[in-house]
Amino acid sequence: MNKTQLDPLDDHFHDECGVFGVFDHSEAANLTYLGLYAQQHRGQESAGIVSTDGHQFHSHRGMGLVADVFSKSALKRRKGKRCIGHVRYSTSGDSGLRNCQPFTYEYAHGGIAMCHNGNIVNAPELRHELEQMGSIFQSTSDTEVLIHLVARSQGKTMRERLAEAVMRLRGGFSLLVLVEKRLVGVRDRHGLRPLVLGKLGDSWVLSSETCAFDLIGATYVRDVEPGEMVVIEKDSIESIKLFEHPEPRFCVFEYVYFARPDSNLEGKNVYQARYRIGMELAREAPADADLVIPVPDSGTPPAMGFADAAGLPFQMGLIRNHYIGRTFIEPKQSIRNFGVKLKLNPNRELIEGKRVVLVDDSIVRGTTSRKLVEMVRKAGAKEVHMRISSPPTKHSCYYGIDTPDEDQLMANKMGIDEMCKALGADSLAFVSFEGLYRAIGNPRSAHCDACFSGDYPVPIEAPRSPQLSLLHFTNKRN
Amino acid sequence: MNKTQLDPLDDHFHDECGVFGVFDHSEAANLTYLGLYAQQHRGQESAGIVSTDGHQFHSHRGMGLVADVFSKSALKRRKGKRCIGHVRYSTSGDSGLRNCQPFTYEYAHGGIAMCHNGNIVNAPELRHELEQMGSIFQSTSDTEVLIHLVARSQGKTMRERLAEAVMRLRGGFSLLVLVEKRLVGVRDRHGLRPLVLGKLGDSWVLSSETCAFDLIGATYVRDVEPGEMVVIEKDSIESIKLFEHPEPRFCVFEYVYFARPDSNLEGKNVYQARYRIGMELAREAPADADLVIPVPDSGTPPAMGFADAAGLPFQMGLIRNHYIGRTFIEPKQSIRNFGVKLKLNPNRELIEGKRVVLVDDSIVRGTTSRKLVEMVRKAGAKEVHMRISSPPTKHSCYYGIDTPDEDQLMANKMGIDEMCKALGADSLAFVSFEGLYRAIGNPRSAHCDACFSGDYPVPIEAPRSPQLSLLHFTNKRN
Amino acid sequence: MNKTQLDPLDDHFHDECGVFGVFDHSEAANLTYLGLYAQQHRGQESAGIVSTDGHQFHSHRGMGLVADVFSKSALKRRKGKRCIGHVRYSTSGDSGLRNCQPFTYEYAHGGIAMCHNGNIVNAPELRHELEQMGSIFQSTSDTEVLIHLVARSQGKTMRERLAEAVMRLRGGFSLLVLVEKRLVGVRDRHGLRPLVLGKLGDSWVLSSETCAFDLIGATYVRDVEPGEMVVIEKDSIESIKLFEHPEPRFCVFEYVYFARPDSNLEGKNVYQARYRIGMELAREAPADADLVIPVPDSGTPPAMGFADAAGLPFQMGLIRNHYIGRTFIEPKQSIRNFGVKLKLNPNRELIEGKRVVLVDDSIVRGTTSRKLVEMVRKAGAKEVHMRISSPPTKHSCYYGIDTPDEDQLMANKMGIDEMCKALGADSLAFVSFEGLYRAIGNPRSAHCDACFSGDYPVPIEAPRSPQLSLLHFTNKRN
Amino acid sequence: MNKTQLDPLDDHFHDECGVFGVFDHSEAANLTYLGLYAQQHRGQESAGIVSTDGHQFHSHRGMGLVADVFSKSALKRRKGKRCIGHVRYSTSGDSGLRNCQPFTYEYAHGGIAMCHNGNIVNAPELRHELEQMGSIFQSTSDTEVLIHLVARSQGKTMRERLAEAVMRLRGGFSLLVLVEKRLVGVRDRHGLRPLVLGKLGDSWVLSSETCAFDLIGATYVRDVEPGEMVVIEKDSIESIKLFEHPEPRFCVFEYVYFARPDSNLEGKNVYQARYRIGMELAREAPADADLVIPVPDSGTPPAMGFADAAGLPFQMGLIRNHYIGRTFIEPKQSIRNFGVKLKLNPNRELIEGKRVVLVDDSIVRGTTSRKLVEMVRKAGAKEVHMRISSPPTKHSCYYGIDTPDEDQLMANKMGIDEMCKALGADSLAFVSFEGLYRAIGNPRSAHCDACFSGDYPVPIEAPRSPQLSLLHFTNKRN
């Protein structure tokens, strides 16, 4: 009897975080709670909210889902009309909690609270430099580097100090900062991670995704631009362009997998982009088949697009169990494809005797895909044609997505034919870069697709560890 | 700030229970755990497993989801190769726990464990009769009545005692009984609730639905028949027909809403039945529209059937949030359609400017449907045509489904035109009885559709309270 | 690293229960909570309160200390002006909870709630008899037997039914019963277990010990008499003598160990009785020593009495750690006398070089006593003279005290000299029966001292199991 | 119904912390756990342990008692042969956890873990200075100031950096530091807080009190000296005297109240010192009385000393309830002296008609003392003579003891006669400084008794806030 990590589809990518902020609303903490709730898909391991009435920070953070971390009374104690909040995919335990955001600090100019979504690739170098000057670090979060830079800045105003600090950072990040009288939102030079600005009555709101606006009834105003710093104060909002040449390279994988389908990214609807990717895929890699079925949920829109473009029937051939818990007890005599079966069950009556097109968003390690193909075949499929709504995932992400090391990625080690064989599929095809960007409606140059292409907009220096150890501190030297 | 019950679609029906049993398997408790896990949709409030090695019962029951109630060590302590388990939709607190099944008792012939899915309509009369003879009751569960009947039976063998007791019961129920050397499954005379028999290697398994067999890799053998008692012993399985004229009237609502779409009922696939209901609906009540969208998840197959039959595009226009927690904090200034929005968000980009067909499985109180129509309209739909994949729900169920009182049912108080107006829809149509049964492929006479027709196969006597109070005991007299 | 049961002095006796009841007070639940809190020493494993407003029972029970089981809101929901409550030393888990008192039942004459302190020795026979008549049992508690007897009684009034049932019981028990309009207190024919009646304003209260009255400010009225049934109704209290010849035999061990020292039993102060036992012991078994130290807390008053009578100095030579938790992690390389050390630490500065008299209340298995002697000697004592404030414990109790089987009792297997040697003491003496009863001020005939003498006032039939298995049900036959 | 803070005697002082450290022992984490457990009286609100194997720190901290914070598995994960641990009296919530010690940091020279007992009075100034240089602060703990000083030191070796940092601190503190290869213990220049060195086999141990050594079987070696830094490495222990003139001023209140009676401070037994204080008190302020009773537990030894010196009987007239929980529900119609009664109950049988001497260790706000006097009088005492085993508490402590502000201290506002009247006592007396120090056996000049005398060995600058706000950060400026 073994304990299985509960998301049996866990060789998918994990986005690190989602952020949400409110400025000057009498229900700031409640709205932030809802804004995080709507973005729970961006991080299920920890949640935190910091509010302020201008005099004190009120902070509450914890491990778990938003609805579990915050009780009614915990929210009530988050007084103040300004709030920022954060959800995170993270490790557990003491050091897990220590890395929960938002962080609150005190420095020469008062209190400051911060949270971010993404990854600062030069954080180790900056950290080393800061340590040489006598800085100490309690967490392994990039945010702590940033706040040290702010604290050591000689800038006269908060926006000078923040700008000076942010301009030293390289990587992909969207950042929310809360100080006494201001809420600040910053997006990295390339705009790798999303950040949108909205309005609820007279109050400004900032969010990773627009689906959070839908829940609270806020109106989308615009995306914060790459390299832009938005400073919200009472009666004013100011836009500061930190870089002369911002070089936008928005993460294409947000379209493919991360973002909720009902969100709009750069004003484009995610669901429709996915549907159109499926259509492109059908044109590029048609299959002589009887039925198209998706791997739910992110495979559903491209599967529908594929079916419609190919003129094939579409059915929900894999049924999702909605009551997935945190851990699961596996029987000793291992059940075939157990992990996948906990989440998805094939509907034999639909599949039996059919030549099936199985549409998924990506193949990471390949373990799940192999089990899915086998499961569908066991359910009676005569043929299984795998179609993937993104190009092959060959490289790790260093800008805020938790991906396995490159040597763990199936597409990094194998060609498509070899993969097809390893998966046990009858055919395998990925959408092309051209098809992908045609479906999205953007030039490829406007996006980062490093996980597919290896073309990293921000150089990564050795050691290429995609993420600092979050669990423990290391005694380096003495 | 109010606390909202978390399932915002909670004016749907709730099935009371799911059951699962294993006879002679070295991993009986683990398999029962998985069997319940796969049937979690039949009851999310409590779970229990009783195992036996022939000498002792090992019982563990608790409030919550299967994966939360049972830890690895709790399962390990459920020793023994025979097991029964139960999931339940139930009330909370002390008396909630008191009503958690399976129940274990001791009586003159040793220990006995029992659980059931359904409702015994003459339980109050039997209870009164038993009390007059000196019986005492600790729970409000029907199961306690049954066990008293067994204990007072003069039957010489366990099967005589059980048969005698069961034949006194009227209502809809599927029952599992575990005694020292036997596992027994019983289905009421009309077979109102489902019960299927399967095999895993040399071991027999019993389950409410076949989806549980899929997860553990068991093979479906057959449905237990209406009025049949199956007695499983070492090296033998015996079928006892309790009634000369069983009068099968299987619950049609299991097809429409309750059962998991990947389950087969009476050998028929639920998903496909739902899809065909949608096709019938499209033929009976076409709509001049641009798009068909389902209310997920039970509305999805009929919506697809409707779209395919009508030749209309189908899209997932309502996106479901998968991270619904137990309670939720609502902001003071109430957000429009808040309850529904927590679970479903319309995708404006798909809906805007379209004439939409919205397909749902049923309308109960109408509150949710009204909110859904409004929400879809707010998202830009030009017209909203509501189509329901069951006839109007006009009556309460007394055979194991937790429905509101009749005067709470929208269709009980209003005609279809009036309902359409109250819901704010442009048109409203329900599938006809003919269409429904054609889609399922059974004669109407083989089913109970009392919730739609008022034609109750088992007479209900006053007081027509659909459910005994589970919360507290009442001091009746003294 | 092993897990150690946390009470390292756990080879002492455990009293099973404490009870408390209130009739007609607007804060009945709060007062019952306090009454149980003051009697927490009588049972730390589970707690329960049932209240009624005359229409419904409101029950809350749980595993743990009173202050942990009841939250403010849980108490608030215990509406009604009449209450009974119970604390219990019990096993854990599902069946533990199933045996938590008070029990609530429904029978032909309405609802009834019950709890008791003690043991009914003929419960197995009665249970067998009831099962033959068709009764079923869900718990292993004696209370369930009693309620079956009540339910099957042909008595016309509640008091007739209850009297008839109680008169069939043999053993030692104090019982509280709550029905719609009445609170009833019953003490067994021998008055083996305590029960006192008090008044708080116009409201009557019943309790195992008077210390509960002190906390809530109630006035002690009198002890309920052996074989008496007290029926409290609105505006009346009635005393019913169930037996012509009650034969009082109150448990002497309540004086020696169980009761709180600030309680009065039969109007006599427990602390002073213990102090006088110590004085008797000093006269009967003086020691040529330099210092008297107690094993706190129950050894403290007799040690003071011993010291005063012997003219020896008294000091707290063993310091008690007040922060004992539920479980404890033991290091691998076992620390000498680890279990005892967790609770008590000798003060070497006081003990070193001294001839010490160590006073404890009893020796059960001898394990702890041996460790204590060794520990005191290690702390530098030249001589250790053990003095025990009760006669040797040679027999098990069957009237409500959880004692080991006789073959586990050190004094059952050894003479005093042998015990002294086995404990490693320089001398060992127990108070005599004469000294014990002189100190208490009662004739020996008025008491049960079966655990010392083997003189059982109520005959015990085979099998002499002191307690039914509480953990699991057994399949006896089929 | 109000919630009462559960320690009804909470107007006593609270010591902030206890520390424990182990160097090179295979069971370092288990021993640290036990060392903290034995010192639980020094802090019940949070506990933490950090271990290291030389490569990583393993940290676990939490709110609650030691036995609750650490599970078996949590301890198992604290790998490594070197450990430090901490118990703390602290506030609750998110910021409470943020202030839990030990702290772990990373700086230019690697990882460092620290914890301390005490208070650094110039921490605010140092913090301000550090902030001006760009330091940021995440907690409000003094430890964070210290680690910043270490990180900014130009010292070449760890001991140089640590020495340089410690010498900048003013106040009372005992400090444990864990780095890769070393365990360091430091005591402030005046030795205000205790720290002792012991040995367990070949391993060194450091502890606030010796009672921790008793539990694990370690041998006391010596007290760390005021102003001494002990550096423990593999195969060596080094003593560094940080100050030429250390000026020892050990806290006298550790003798009176804080330390466990079985601990030795500076080689002197605490229990015996307290007993002798009672004797001095009897000589200085005899009472014409019949009985001496203590306020347990810290009043017990002086009450015994008083009784023995005065030739008066001594009895435990107040019985302590050992099952105090965390919170408590108070009835609406307030019970007289409710708070005190929850913890202590007077034994009327002992007290009634007697002239009683009531011995306690100190009077802080006076609230509890007043209730105690009233309670004892209500229990029938003819006269109540209060005797206090310390001089009047007139001043706040700034060296690590959480005392109320001066204007909250009864003795700061009233003379002894006035206090006596306010308490409702027949007489009131405190031990004199001469008597106190005679009993301890030390010259007064060797101690700090600022809380009694106002003679602060370390000057306190305005603002004389005894403690920084632990709850929230304040936005000071921007």
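Should a chain be cited, it is by its letter among A, B, C and D, assigned in written order, with residues numbered from 1 in that chain.
Definition applied: contacts are C-beta pairs under 8 Å (C-beta built on N, C-alpha and C of every residue); 3 or more make two chains touch, one makes a residue touch a chain.
Just so it is clear, the model here is predicted, and its values are computed rather than measured.
Student: Just to be sure I understand the contacts, which chains border both chain B and chain A?
Tutor: Touching chain A and chain B alike: no chains returned.
Student: Using the average of all C-alpha atoms in each chain as its centre, how far is it in Å between chain C and chain D?
Tutor: That pair's centroid distance is 37 Å.
Student: Take the average of all CA coordinates in chain A, do the same for chain C, and state the distance between these two points in whole angstrom.
Tutor: Whole-Å distance between the two chain centres: 60.
Student: So, what's the distance in Å between the C-alpha centres of chain C and chain B?
Tutor: Here the centre of chain C sits 48 Å away from the centre of chain B.
Student: Hunt down the residues of chain A that sit against at least two other chains at once, touch-wise.
Tutor: Counting only residues that touch two or more other chains, chain A contributes none.
Student: Sort out which chains touch which and give me every pair.
Tutor: A-B, A-D, B-C, C-D
Student: Considering the complex alone, what residue numbers of chain C touch chain B?
Tutor: The contact residues of chain C facing chain B are 52, 54-61, 93-95, 97, 103-111, 131-138, 147-148, 151-152, 158, 179-181, 472-478.
Student: What does chain D use to touch chain C in their complex?
Tutor: That would be residues 1, 3, 6, 27, 30-31, 33-34, 37-38, 40-41, 44, 65-68, 70, 72, 75-76, 211, 214-217, 260-262, 264, 269, 271-272, 275, 297, 300-301, 304, 308, 313-316, 319, 321-333, 335-336, 341-342, 345-347, 349-350 of chain D.
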